[in-house]
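Heads up, the next two complexes both have chain A, just with different partners, chain B and then chain C.
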Partner chain A sequence: MDFFQQKWMTWILIGILGIGAFAPLYAGDARFPQWLEVVLGGLMSGVLYSLVALGLVLIFKASGVFNFAQGAMVLFAALSLVRLMEFMPLAVALVVTMAIMVAVAWVIERLVLRPLVNQEGIVLFMATLGIAYFLDGLGQTIWGSDIYTLDVGMPKVPKILLENVFEGGILVGMEDVIAAILAATLVGLLALFFQKTSTGRALRAVADDHQAAQSIGIPLNRIWVIVWSVSGLVALVAGIIWGSKLGVQFSLQLVALKALPVVILGGFTSIPGAIVGGLIIGLGEKLSEVYLGPYLGGGIENWFAYVLALVFLLFRPEGLFGERHIDRV
Partner chain B sequence: MKASNKLKAAAAALAVAGALGGAQTAYAQSDEIFVPVLVYRTGAYAPNGVPWANGFVDYLKLVNERDGGVNGTKIAFEECETGYATDRGVECYERLKSKKPVAVNPLSTGITFALTEKVAADKIALFTTGYGRSESADGSVFAWNFPLLGTYWSAADMLVQHVAKKGSLKGKKIALVYHDSPYGKEPIKVLEEHSKKHGFTFIKLPVTHPGVEQKATWLQIRQQRPDYVFLWGWGVMNSTSIKEAIAVSYPRLQMYGVWWSSAEPDVLPAEAAAKGYNGIALGHSNERDAPVHKDIAKHLYDKGKGTAGNKSEVGDVLYNRGMISAMLVVESIRNAQAKTKKKVVTGEDVRWGAENLNLPAARIKALGFADMVQPVKTACNDHEGVRRARIHTWDGNTWSYTSDWLEADSKFLKPLIAAQAKAYAAEKKITPRDCSKEK
Partner chain C sequence: MSDDAKTLLEVNGIEVIYNHVILVLKGVSLLVPEGGIVALLGANGAGKTTTLKAVSNLLRAERGEVTKGLIEFRGERVDRMTPSDLVKRGVIQVMEGRHCFGHLTIEENLLTGAYTRSVSRAEIRADLERVYGFFPRLKLRRGSQAGYTSGGEQQMTAIGRALMARPSMILLDEPSMGLAPQIVEEIFEIVKNLNAKEKVSFLLAEQNTMVALRFADFGYILENGRVVMEGTARALSENEDVKEFYLGISTAGRKSFRDSKHYRRRKRWLS
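For the complex of A and B:
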């Protein structure tokens, strides 16, 4: 399989995706302004997928755990915030929700992770499955299962640009633009945190080897609480943006599942990978739904990401930006 | 006890308490009639499933509290959570079957498809009020199915009639944004037939479960600019559709939801921006002051026995739908009791009761549902009973009727129903009953 795992395979895959993206223009299926709208819409959706994927990458990078509960954390955080806002102003509710997410991280570390130190990755993964189900149920039990409107002042009305240039103009959702700016800011902050702070370096050391990190005095338990807390805060940001768009409700955590193919594409350990993976998936699924949907019967948006992830697993399992893993046997 | 052991013990106690306290269980005695309540109070469809379930359960409670049951026979019921998943729905049905239920309401077209053969073998009447498979209106083939008050084919037909009144549909475009499931696909056949008849272009846009990803769908709508959009969604898909319509500036005035896509959970998340959105109402809307509501307030909520968390939810569109669905089961039981002279009737008796249901306006008024339910009269060859509806429109705060009564065109639909039922009978090797010989 070495043939498939060469770096240039990545460029071939990206090239194929690029050709696919521009194909509708040459196949005569699309007029340029409409195609551009789909591209912009896809990129904006991709940014939102990246936001959830960031939480996944963060925990994987720092603890080697693939956190299946990230979607449930997004829902739990958003539900907590929106219900608390019924009793207090937004700023206070935000602080209280952050505290709740830190508390959740602490409880997870005490009850789930600590007893599982030095266990296989698959054991920790299974534990996060349990956390996901527990958080799902707990969130709905405490906060209810209705659709709650989350208004944090995001603009709902789209803007039509270049009306004089193209008939009908190009529609841009301002809510998506603001979400993209927020996501970019978050990525910048996380990159700084990982590269420039001692805690960030400690997190990376723990990810490499639990025992080795402990032997040089890195407190594993504290590190896990920190990383799950940061991941909880990323989940809160994702929850705010998704919740503002879709309303806060159970399906938020299903949308968050899209983060899985995103990290497969981008690489489990790469923050830029989460961003690029999200953009490719967002763009690909929207273009294929609009231009292939009429021929294939629609519904492509739902499975495109997973099929693409399968292709990447076959040809480049470490993802676009992931570190190649070589085991000495 | 160490701290970690204490925590474990507390968690175990909490789990046991939750399991015991959360379940709403009732065991049917020999002098009671058992009705299973298949619901979804959690998951992606809970916002719509919860009010229906509350309305259904509250009406059964009301009959027990106010009247001491149906002619003195109490109704026992038990909820089972399906999550709107067909496999879990079938599991619920199989689990509760041993309690000898007389009727089942699955609240899912997918589960209805899965149960259609089972109920005939188990002799349990399958009530699908306002949903289910449309061809099951033909009782000669579907003896155990009761899609009362209106099928999806009737709904699609009435919607086309309504928009056709605004001007000829020739050369126009109608898009159907539908839940990609048996439910969402139901109206396609009728809309295809209508597109041929009226000369409009019919655009099909499926949305996959649970329906939160619709950006591409609505970009297609922006590009193709249909004159009308019919929405056949459920749960969060509906509110997402309305939000995406806002995001691409598609006029809500040109949107029409089926009766499962036009309730409060569908429009409230979009708030004032949903203003002007229309839906076809299954005879009722969000009436709150009918005598039945007053009875429910008096006998249940004033005594702390109501099911909904908040009394203000009584009268919401889906709450009313649940209440009406329960009422039709209760009246079928009553009808069965009158025929058999038995207090505790069987599923077979209730099937007869549902097939010979006759609720004229006076009876509906006496039941407290005046202006919410149209007169219903079923027969062997008509398990639908009535096929009338109105359009209601969201004004930003509430629903209000904005059309006269519409009636589905039986002449147009009957041959379609008969052909589809015949094909089903041939596939399943069912010999259709001769309805002229049925009493």
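For the complex of A and C:
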């Protein structure tokens, strides 16, 4: 397998994906504006996958745990926000929900992570599975299990852009544009936090070596609370955007399943990877659905991401941007 | 070691049990005076690392527990503190096998060492330069990921990282592990230098008895979780038993290990 895992494999994979993306233009049955519309739509939905993936990456980076509960956290945050908004103005509800997510992080650290310190990764993973089910139940017990509409004032009406360039212009959802801007800001802030602050550095240190971090006096407990809080906040942002798109309901947590191929693609330890991975998957899904769908019978959107992830697992298991294992021989 | 030196660390009859069943230390006592370099010697599995981890409180993460005895640092009981509290009080451990943060650069590794201190950026910069002063080699490689540096550089990074916490005492575990003799020498020179210039005390666990005794002022020999011998470095290195069992030199010239006399003598010595 060594042969496939050379550095140039990355470029070949990216190349194939690139060709795939532009192929419809030359295959004859696509008009440029329509293609552009599909591409934009794909990128926008990709941004939303990225948001969920981002939460996964954050926790994985700092504690080496694959957090199965990320989807449940998205749902829990969105549910809390939507129900709180019935009693208070949006801004207050937002702050209260943030506080709730930090409290959730604190409780998880106390009751789950602390007793399991220095256990195998798989043990922690199983624990997050438990957290997922618990949060699910708790959220629905407290907040109810109906479908709620979340309205945070995002413009719902799509706009027609570039009307004077193409005939008929292209249709772009303003909601998606705002989501993309939000996600980009979030990523920028997180990157700054990880690279420039001493807490961010400590988070990366813990990710590399728990014990060594402990030996130089980095308090693991506090680091975990921080990282779960941050990923709780990311879940909140994802919950707001997905929630206002699809309505706040149980199926919201299934978006986390789509985040899994995203992190496999981008690499479990890379924040930019989560973004690029999300974009590639969103784009690939939409393009293949629209242009390959007629030949393969449709429904591609549902499995495309997983097949792509499988290919990456074969040829580039650390993902596009993941940290390579540094082995000293 | 002069008698009037103040005691910095006192370990008094500690017993350590792993996983509630495995008794590893059976009553270890030792003293580290202010400004001293104390060596903890012994073979594999004698309990050197466990002793250090008991002091730095890293044991709990490995399901170990100090069940008897007490540990005092500057007269204050420290055996119930978290590692982080201990670092703030000036005791820091450099673990066996370096344990650098492989994906962080050398400089970032060093900076993490200052995590527990709340001081200004300028002060941390100054400390960084101070560490580079002791390890000029690190300054050249400041931008490379620690995982890609040599073993010696990683050991230096680990010690430098500990220095960034401004400790009064470093628990140094097996600094010679896997390093070329020349590098070992270099590292020990730096330890000596730090001890003289920065007044950092060291408790040093080491298998390389020869080197350790050359640089330490006092030594304890551990066997099977007990201190079987203690004395000044000079006295230990002149002791016939130590020479034979740990330094591999004996007055009788080359000896055969088939010789049963050797084992009988060693057995007597241990009991």
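In this text, the second predicted complex is superposed on the first by the 325 of 329 C-alpha atoms of A that agree within 3 Å, B and C clash if a C-alpha of one lies under 4 Å from a C-alpha of the other, contacts with A are read in each partner's own complex, and residues count from 1 in each chain.
Here is the rule we go by: a contact is a pair of C-beta atoms (placed from the backbone, for glycine too) under 8 Å apart; a residue touches a chain by one contact, two chains touch by 3 or more.
Not measured: the values here are computed from a predicted model.
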item	value
Touching partner for A:L138 - first (chain B), second (chain C), both, neither	neither
Touching partner for A:K286 - first (chain B), second (chain C), both, neither	first
Which of chain B and chain C A:G217 touches, first, second, both or neither	second
Touched partner set for A:M9, first chain B, second chain C, both or neither	neither
First (chain B), second (chain C), both or neither touched by A:D209	second
Chain B/chain C common contact set on chain A	none
Touch list for chain C against partner chain A, complex	56, 58, 61-63, 82-84, 86-88, 92-95, 99-104, 108-109, 111-116, 145, 147-148, 151, 158, 161-162, 165
Chain C-touching residues of chain A, taken from the complex the two chains share	117-118, 198, 201-202, 204-205, 207-219, 269, 323, 326, 328
Complex contact set, residues of chain B against chain A	7, 11, 41-44, 46-47, 50, 180, 204-213, 215-217, 219-220, 222-223, 235-236, 239-240, 243, 246-249, 265, 268-269, 271, 273, 309
Chain A - residues contacting chain B, complex	34, 37-38, 41-42, 45, 110-111, 137, 140, 144-149, 156-158, 160, 171, 173, 175, 245-247, 249-252, 254-255, 285-286, 289-290, 293, 297-299, 301-303
